[in-house]
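As structure tokens, here come the structures.
Common to both upcoming complexes is chain A, partnered first by chain B, then by chain C.
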Partner chain A sequence: MVLKNPKLARVAKGARLELVPLQVLVPVVSTIIALGIGLLIITATGASVVEAIEAFWDGMAGSDFNIGASINRAISLALVGLGFIFASRANLTNVGGEGQIAMGGMLATAAALHGAGGLPLGLAFIVPLAVGTIAGAVWGGLAGFLKAARGTNEVISTLLLSFIALPLVYWSVESFHLLRKPISDVSSLPESAEIPDSTKLPLLFPDNGSPLHIGLLIAAIAVVVVWLVLKHSTLGLRLRAVGLNATASRRAGMRTSFYVILAMTVSGGLGGLGGAIMILGQQFYLTSDFSSGYGFDGLVVGLLSRGSAVGVVIGALLFGFLRSGSINMEISAHVPSAVVLICQGLIVIVIAGSAILTNRKVTR
Partner chain B sequence: MALLELSGLTKRFGAFTALDDISLLIERGEVHCLLGENGAGKSTLCNLVFGVHRPDGGTMTLAGEPFDPRGPAEALQRGVVMVHQHFSLVPNMSVAENLMLGRASAVLKPQDIIVRMEQLAAEYGLEIAPEARIDELSVGERQRVEIIKCLLGDPQLLVLDEPTAVLQPDEIDALLAICRQVALRGKSVILVTHKLGEISRVADRTTVLRQGRIIETVGMEGADIRSLVRSMVGRDVQSAGSVLAAAVDIEGKTPAKPTNAAGPVSPGEAVLQISDLVYRDPHGVPRLDGLSLTVGTGEIVGIAGVEGNGQTELGLILAGLAAPSAGAIVVGGTSVAACTPQEITDAGVGIVPEDRHAVACIKELSVAENLFLGAIGKFSRFGLLDKSARRKAAQTMMRDFDVRASSPDVSMASLSGGNQQKAVLARELSLDPLVFLLAAQPTRGLDLGAIEAVYNRIRAARDDGLGVLLISSELEELMAVSDRIAVIYRGKLVGELAAGAFSREAIGAMMSGHAHV
Partner chain C sequence: MIDEQMAVFIGSGLRLAVPIIFAATGEMLSERAGVLNLSLDGMMLMSAFTAALASWATGSPLIGVAAGVLVAMAVAAVQAVLSVTLRANQLVVGIGFNILALGSTTFLYREIFGPLSRDPIPGFAQLNLPWLAHIPVIGPALANQTGLAYVSIVMVVVTWLILKYTSFGLAVRAVGEDPRAADKAGISVAKTRYLGVLYAGILAGFGGAFMSVADSNTFTENMTKGAGYLAITAVIFGGWNPWYTLAACLLFGFATALQFLVPALQLDVPVALLLLLPYLLALVAIAGFVGKSRQPSALTIPFERGG
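And then the complex of A and B:
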């Protein structure tokens, strides 16, 4: 929670010049340390380290397909991460990315299956994306409303809203009168029917087999817009003011409740968009655990970026590639993907921990 | 032989040197005042003596033996006691119970405490009922309990950190008398203050601190107060004029007559009309209880009162941060009771709130951002900030109001309190329209130079025809700056004095709830 500590943040700001090299150095070194520990664990599991690394690399970037898949994962993580830093600009901590993804993915699926498929001019996928975004926005905005109206801590409300959203998805794919596909053959898994081809996101490179889709462009636009809003807009300044000192902001004429709700709504909307893109871009049908872990990985991406949109991009790519690699490592080299999860956790702890250390060194 | 000898004492906080090579003798039986502006190191020095902090260099000797307390407990054991600015009493326990806290060995003996309290009452005039509950006592009485707590153990040295800041005039007199009594009995007293009047009344010797160094130590017989001020501020305040001199009590006694001869005496039409204002806190306790007040154009109305009598609530309501339970507030014909801060601003009200850090500015934001906090949209194109236009406007404002910062882009937190307050004044006085200004505790925590600037701004605003409401706990300040003083007591105005009729005694009596003139 380095971001939330105003004293540390101020110190970090005051000492920006000295910290610039450290800010690059620290994440790189911590990643290397974490991966090193990961290798030790792999050795401990008895698997061949060389084989594991090969499988890991292959999964991350071994082919155009794998690179595309890794970037596709990074897209959703980046959107959730952007949502996180947007809320944190107003000193709000949105830990409900998982629920916002789930709501976005679920309602985007519903829109794609029921009506959007026949729309012309790309509306077939634009409408489900919009529906998913709105669903996430409502889910986030709800937490913002609770915060503004009743003072409910948004960490708790976003978390609990996730606990509601995930079973909702499960329910929707369990119930035939909701999204579960009709039983046609032997396979009757609890999942939705595949969405119509017209609602799938167009691929960027349809000829070389890469699954990379136009979600990349959407995410790129989102990065630029969020960066502009947070760094250079009146809205960004107002969010920051409200987050830093609500009373002073209110005295200066700002409607603080409005900005709290707005920040959470936009934050949730970005998560919902991420969820919709997961379904429309790669998974194509809704399963009960389609969002597994993306919300929390996205949260970590947001945390590690320390409020910077560029940081979100880097973090999302890192985690996207790590995740692809780990899946392949588990399949090909029989190394539990939990090892990579452990590495991710280590990266987080080392980066967060070392940031505090470097800041403290500057203070005293 | 001196009781306490400090030699070469140094204390650093990070890169900041709070105390630099302090050498000082405290004699037995003397009242030794520490004088200095905020940040001069007075409190740090006390905290070293009381063992709250440990020095980075230098030594202390107490009664001829080395003294290096590792904490307050050790200082207490050696007979050094301290009354802090914030009391450490348990509010829902009785006086006697509080006195037993931390002092009782295994067996509590309430009777012993009561006997000892009677002795102290006889010796020092420290009268207080042992069975009274702390939360029923006034601030002055609570402080008396703190002092009794200190004297119970028959200490050698009593340290008082800014003890008079929270007291009303008669309580200050009583406290200073107690200090003399303590000194008469051969104990030593270190009294921290920035009020010059108190020094000439109580001190045997005074040490002036500035920026962590001792400027001079002088005996008080025949001492020149003005030269003390010069040492304290580092420049001559002769130029400051009589208002500042009176406001900070340089003369050392009540100014014989009001000093603000200049400026309009007859106020014009009313700009602010408050009628029967009632405010109940969330527990239903009335904090404002039918307060009525009128401020006219071109006058400064001062509100005097002991803190906690409704001044804070009045300030919050006028700022739009609290909604009154009943009553009307009209500014220039517009009703502003229970309006949003924006509507109040639009009605032409400028607010200098009493809590600068919590309400007036956002210290993490830059000076420019704070100067235009209420007008963020003023410098923007298509929702994007035009930072260079804002910087230019901020620079102009900073020049006009003498806000000293290396650039408009540095954070508000990096400014001194005085410059922060000047920035707040700059913002509020630049509002358009502007007909009324509330200045609540506008000089609290500021150094003399900034105090002077604040007074000049407030008086200039008055001369431009603004109505000004000045809420302050500093009586001297009110008497020096106001055209009229109203006294608030338990949420009501209990009396009013016109310019020319100000009297410390009369105001003091009203502040403590006694019948008014």
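And then the complex of A and C:
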């Protein structure tokens, strides 16, 4: 569309020029500031900053194993983040990633332990992945249904659903008739038995000791698909329309309820897939707190990305490497990994607080 | 034996309810003004830690409580600036604060009290508020409560009176239902919301401080264990009414205490199902399947003058 009036055209161009860099600038600057504060805190503890950074770097990328482990973390975060931006395209805020991961991981474990192990042609891990995805989709879709049918605020419902999912996982690993492994003479911890080898995700580089698995390819496909749907499809446009003005969309003949439920179902499904990949790819057995923190980390990744699939990838890698680095920093340099939590909290707060800069549109 | 168990159950149910009563009561008022503080859990956790630290450093739990409340108020003030003045997404800001609170309290706890120490902090066992010993015995369960527990009930009454009979309460309700009309009637939406959030911060501070200096006499990492979320849940389940919210808090307290009673009575009910019960009830309530629970119209929606 070409604006005839040159003055108007200049205004429109100026607005666009101003908006795009800010959307990139704000997350980058807040991340740098937060990491700077993290460094200051490390200095304040009297720990050697050089030693801390060395340990941090070593944990992130010191070996093939550590790089693989960091990327494996990023995979699940990216899937939750993609789910977040998918829902937010329809102006829905899915804060229930934690619960969707939990349901996905729990049911993927159940599928892997009961029946999927003997399936041929890679179905042994594909079926549990699908089961986990469906479990997350149902958990997210439930919030979408409540929103569409009862007008329930999806933020509150996804949060409540998370707090319902976590005890369910706890229950499943506490109960022998569910997923808890039989008491052996070795241990009787409340956790599931290890999943069969055939259900574990195949490694990409089995020869060099890297734990990197094919979840990377799954996540890459998900990134491309979500990007295509959100940016280049009618569906993406309709989700946006429903999010911007549900009443107008309904008058234009769209079934808004359908799109609300769809957005939340897909969003939850991506979280469920992330949870399934965590179990099948690296943890191999279910514990009651296996999802701990991943849901909120994924949410932060989604936020940082400001709706862009590429942004999700960058954010997920950043947080995946940060997590790995912080764990090693605690072990080797004795700097509490909680420093990274402080940085993450600051990043979220600063970005949320500066939304007023990036969303200049007039609210009515 | 059963009587004794019941007394212990009632006592622990009340004890578990007190922090939620504090936090939920303040949060209820703030939500009536249209601001949802998902950061409640973070405020409580920061207050619990600060109260433990200050009480440990000065030897006075009263100073501990005061310090805890001040820190929670400071968090609330920043939350108010972000969600009222800067019109940030209240939920996202809240989650950010909770991550920050968990990180900073865990970090400071390890730096000050030693890495991964789960032992009671030395000297804390004697830090019971001295004037509590003289509170008249009402019943075996009630007698075992600390003074702060009674304050929590007083705050419910005070909050109810504020909402119902003061001009500030009227302003809160107006701002939460229709900020534009309230603004046109000359009520400052921003000021009312700031006060609402600060009020929530003060009470969340009391709730958090109760956990560390009045209840357990220690601090443990992430000791609120989601109590702030439970308080928000209680507000929803209580339909934004002070008395129903109090009832919801008591229900949640007893539901949590059931997990200790059920194994003692050798009943075959999974503890996990008791843990999720409050959230399930709240979900059913907010979905509108039970009774009429309607949230304030302007809840979580930032207000901008003019336009």
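Just so it is clear, the second predicted complex is superposed on the first by the 323 of 364 C-alpha atoms of A that agree within 3 Å, B and C clash if a C-alpha of one lies under 4 Å from a C-alpha of the other, contacts with A are read in each partner's own complex, and residues count from 1 in each chain.
In the analysis below, contacts are C-beta pairs under 8 Å (C-beta built on N, C-alpha and C of every residue); 3 or more make two chains touch, one makes a residue touch a chain.
What you are looking at is a predicted structure, and each value in this text was computed from that prediction instead of being measured.
Between chain B (first) and chain C (second), which, if any, makes contact with A:L244: first, second, both or neither?
first
For chain A, which side has the bigger count of touched residues, chain B or chain C?
C
Just checking: does A:A252 make contact with chain B only, chain C only, both, or neither of them? Give me first, second, both or neither.
In the superposed model, A:A252 contacts chain B only, not chain C.
Quick one: is A:L228 in contact with chain B, with chain C, with both, or with neither? Answer first, second, both or neither.
First partner only, chain B.
Now for A:Q344: first (chain B), second (chain C), both, or neither, which partner does it touch?
In the superposition, A:Q344 touches chain C alone.
For A:P167, using the defined touch cut-off, is the partner it touches chain B, chain C, both, or neither? Pick first, second, both or neither.
The answer is second: A:P167 touches chain C but not chain B.
Between chain B (first) and chain C (second), which, if any, makes contact with A:I41: first, second, both or neither?
The second partner, chain C, only.
On chain A, what residues does chain B touch that chain C touches as well?
363-364
Touching chain A in the complex: which residues of chain C?
38, 78, 82, 86-89, 91-93, 95-104, 106-107, 110-111, 115, 226, 229, 232-233, 236, 270-273, 275-276, 279-280, 282-283, 286-289, 295, 299-300, 302, 304, 307
Can you check the complex and tell me which residues of chain B touch chain A?
14, 319-321, 340-342, 345, 351, 353, 358-365, 369, 373-374, 376-377, 380, 383-385, 387, 411, 413
Quick check: in the complex, which residue numbers of chain A touch chain B?
6, 9-10, 13-14, 228, 232-235, 237-238, 240-241, 244-245, 247-253, 363-364
Using the touch rule from the top, collect the residues of chain A that touch chain C in their complex.
41, 45, 93, 95, 146, 150-153, 155-157, 159-161, 163-164, 166-168, 170-171, 174-175, 296, 299-300, 303, 334, 336, 338-349, 352-356, 362-364
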